[in-house]
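The same chain A turns up in both complexes below, where it pairs with chain B and then with chain C.
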Partner chain A sequence: MRANVWSGRNEVSVETVPDPTILNDRDAIVKISSTAICGSDLHLYDGYVPTMKRGDILGHEFMGEVVEKGKGVGNLEVGDRVVVPFPIACGNCWSCKQGLFSVCENSNPNSGMAEKMFGHSTAGIFGYSHLTGGYAGGQAEYARVPFADVGPIKVEEDFTDEQVLFLSDIFPTGWFGADLCDIEGGETIAVFGAGPVGQFAIASAILMGAERVIAIDQYDYRLQMALNKAGATDVIDFSRDADIVEQLKELTGGRGPDAVIDAVGMEAAHGHGAVHAIERAKQASRSETDRGHALRDAILACRAGGIVSVIGVYGGLMDKFPTGAFMNKGLQLRTGQAHVQKYLKPLYEHIRNGDIDPSFVVTHRLDLDQASNAYETFKHKQDECVKVVLKP
Partner chain B sequence: MPFPPRPVDSTLHGVVDYMAGATLTTVFPRLVGVEGTRSARQIRTAGAIHATYSTMTDYPLGIAKLIPFKAHLALDAIGAIALGATPFVTGQYKEGRRQWVPHVALAAFELMSLAITDPTGDGDYHGDVEAVRQANQEDPHRKIHEGPPAVKATNGSAPEAVEAAPASA
Partner chain C sequence: MSSKASVTVLGSPEEVRRRWQEDGLRPDYIESHDAAVSFKAAPGDRGTEIHVDLEQTAPGGKLGEMLMKLTGKEPLAKVKDDLRRFKAQFETGEIPRSDGAPEGELAERKLKQRPAQPLKADEREKVGV
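Showing the complex of A and B:
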């Protein structure tokens, strides 16, 4: 089959690789109809996530048709159309029983490696380094889906792929970020990053009843999408004024947002002057893995007693974490990879009810063979790129 | 990948600018053994000028953002040539190798750095955006700027979204 593989830092290529096969009774093989490039794939592409190997198949957002299944997969039939969640979860361990699917205790065969890095292992993830299991990803014609009796959700034929594809990651991730903010109605929420996850965090906060949602980014076209499509009520373009904390205070009568969502993660692009120069140099020399501008500003901007929700991906260590502001303002820091399986059905219902059309975020639909150009275009924000869907 | 490769984007160029400025104005003259001579003054002046116009450059690490990035690169080239030529214009090259080698080495470093800097500021971009435009089955501009909101607001502050219309697959 054809698959998009990691070929080194800033290099991917579509190559012919062996077809996947059933390895376990609870596996299924999915023929992929649509797959997407995630912002977190760029952390792999940029070389900031350790344990990648040349030839690793990328991609953790995909859907398609079940073409083969193991004996233990009783809930799916060959021919079913399914969306596959990015975290691989067994459904049986203590974490899964608590609904904490992204920290499944059984799905990461390289758990020892992850324990050294994080203290505990996280779940396996498709196409996301050997630290998360070394599973082949979904930017390919076929994928093996472990624990297929737990993860995939069947979807009806009358939706386009792009209306349901993002149930695999970015819609639940954005929803999870908003869910962590305890929105009851009337709150002001700030969202750092108007990329695909940020767009869904904004949309989710609106769906949950937030009064104001402030989108923060440096690309005008992304802020326009936040305003026109996702429902943001205000925007901050930090390419014009880099003092985000002050602008958020001005927009909120000096108090600050009730909650702030960091949908940026380890490669924050804002920050200026000497601090950003030092951070870039430290990250380039691998003496820190995570640039922390967004998280620092989120903590400084959030109102006292508020919530900072972190759904942007961080991989290791960052410097200058503002412990003083965090502690003295009595903030709550809530984080995680989204427990996608927990949100699949309710979010699918939102789509069915017409509360949201997730396809709004797709700006590029390309053949899989264009993966290399697509990664470059997405990374460098060319051609008003927000979200790329690849068709195998 | 273009040839010669130009992997340095405007941010990394800025990192080098500030590091070079800081080094030249402080320890560099002592490290190369010219402390107390006019060579030291020339190198410190070059470092200070470099750091100053870096703060005024329109790139991610600039503060005032008054000077376009391409103009900054032109200033780099002029500065490198001027610094490299200074010992020969003043005649101080006759006072020994230490009075001209650092100048020439710094000029060479600067010119080499310029050669691998992408003047667009995009750095290591090596995609074919035109091929992407041709192959794209979507219209990004339309998706972003036209049509109704994609979300049905529950707080009454945003306009009503249209139903997510099921479409033929």
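Showing the complex of A and C:
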């Protein structure tokens, strides 16, 4: 089959590789109809995530048709149309039983590696380095889906791929980010990053009853999407004024947002001259993996007693964590890879009810064979790119 | 170097103890090294803690120890593999396998991962899947 593989920093290529096969009873093979490039794939592309190997098939947002299944998969039939969640979860361990699917205790066969980095292992993830299992990803014609009796959701209505594809990651991830903010109605929420996940965090916060949602980014076209499609009430364009904390104060009468969502992660683009330069140098020399402007500003901007929700991906260590602000303001820091399996059904219902049509983020549609161009376009935000869908 | 490793498995001590002896689940490395194994109920219905103490010094002294660490043959790493595999089989009924680590959790694989792409037929045969 054809598959998009990581070939080193800033390099991907579509190659011919063996077709996947069933390795365990609870596996299924999915013939992929649509697959997307995630912002977090850029962290791999840019070389910031350790334990990548040349030849790794990328991609963790995909859907398609079940073409084969192991004898332990009773809930799916060959021919079913499914969306596959990006975390691989067994459904049996204590964490899965608590709904904490992204920290499944069994799905990462490189858990020893992950324990050395993080203290404890987290779930396996498709196409996302060997630290999260070394699973082949979904930017390919076919994928093997382990624990297929737990993860995939059947699509029985007549939705287009683009309406349901993002149940695999970015819609539940945005929703999870908002869910961590304990929105009861009337809150002001700030969202750092108006990329695809940020857009869904904004839309989710509005659906949950937030009164004001402030989108923060440096690209006007993304902020326009946040205002016009996701439902943001205010925007901050930090390419015009880099002092985000002060602008958030101004927009909230000095209080600060009740909760702040970091939908940026380890490659934050803003930041003040000297600190930014030091961080780029530290990342280049591998003495720091994570640039932390977004998280630092989130902590400084959040109102006292508020919540900082981190869904942007971090991978290692960062410097200058504002412990003073974090502790003295009595903030709660809530984090994680989204527990996608927990949110699939309720979010599918939201799509079915017409509360949201997730296809609004799609700006680019390309053939899988054009993956290399697609990564470049997405990385450099060319051609007002927000979200790329690839067709195998 | 510590000689202890532990894991918590979601099941009662009776069940865990019984299945520890089952064919296909019995942890080979731990059993063959005659390590001290104890089972105790975890607090709050979290299952059963399995504690292994491998009171054994690595053959070859310090140099051997370092070599074994590099090659993933460090005894404790093997014990942890056994515990991980037992837990996964007990809880999920299978050994989770990826393309990078098709044998499942295996210390020797940590430094020699396959690329994350499907196995060829002859590789599958070698791994036995």
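The rule we apply is simple: the second predicted complex is superposed on the first by the 391 of 392 C-alpha atoms of A that agree within 3 Å, B and C clash if a C-alpha of one lies under 4 Å from a C-alpha of the other, contacts with A are read in each partner's own complex, and residues count from 1 in each chain.
We take it that a contact is a pair of C-beta atoms (placed from the backbone, for glycine too) under 8 Å apart; a residue touches a chain by one contact, two chains touch by 3 or more.
Note that the structure is a prediction, hence the values are computed from the model and not measured.
Undergrad: For the overlay on chain A, clash or fit between chain B and chain C?
TA: After superposition on chain A, which the two structures share, chain B sits beside chain C with no clash.
Undergrad: Counting only touches as set out at the top, which of chain B and chain C does A:2 meet: first, second, both, neither?
TA: Neither partner.
Undergrad: Looking only at chain A, is it chain B or chain C that touches more of its residues?
TA: B
Undergrad: Quick check for you: in the superposed arrangement, does A:106 touch first (chain B), second (chain C), both or neither?
TA: A:106 sits against chain C, while chain B stays out of touch.
Undergrad: State whether A:158 touches chain B only (first), chain C only (second), both chains, or neither.
TA: So A:158 only meets chain B here.
Undergrad: Classify the contacts of A:249 with the two partner chains as first (chain B alone), second (chain C alone), both, or neither.
TA: Neither partner.
Undergrad: Nearest 10 degrees is fine: what angle do the Cα centroids of chain B and chain C make about that of chain A?
TA: Once the structures are overlaid on A, chain A sees chain B and chain C at 110 degrees.
Undergrad: Of the partners chain B and chain C, which touch A:358 in the superposed model: first, second, both, neither?
TA: first
Undergrad: Which holds for A:56: it touches chain B only (first), chain C only (second), both, or neither?
TA: Only chain C; A:56 stays clear of chain B.
Undergrad: Name the contact category of A:233: first (chain B only), second (chain C only), both, or neither.
TA: So A:233 only meets chain B here.
Undergrad: Just the number, please: smallest Cα separation between chain B and chain C in the overlaid arrangement, in Å.
TA: Value for chain B versus chain C, nearest C-alpha atoms: 25 Å.
Undergrad: Shared contact residues on chain A, chain B side and chain C side combined as an intersection?
TA: Shared contact residues on chain A (touching chain B in one complex, chain C in the other): none at all.
Undergrad: Along chain B, where are the residues that touch chain A in the complex?
TA: Per the stated touch rule, the residues are 11-12, 14-15, 18-19, 55, 60-63, 122, 124-129, 131-133, 135-138, 140-141, 143-145, 147, 149-155, 157-158, 161-169.
Undergrad: Would you tell me which residues of chain C are touching chain A in their complex?
TA: Where chain C meets chain A, its residues are 8, 10, 46-47, 77, 80-81, 84, 87-88, 91-102, 104-107, 109-110, 113-120, 124, 129.
Undergrad: What residues of chain A sit close enough to touch chain C in their complex?
TA: Against chain C, the touching part of chain A is residues 3, 5, 17-21, 23-26, 51, 53-57, 72, 90-94, 97, 105-113, 124, 127, 130, 133-137, 144, 146-147.
Undergrad: Which residues of chain A touch chain B once you look at their complex with the stated criterion?
TA: 10, 156-161, 163, 185-186, 203, 206-212, 221, 224-225, 228-231, 233, 269, 272-274, 276-277, 280-281, 284, 351, 354-360, 362-367, 370, 372-377, 379-380, 382-386
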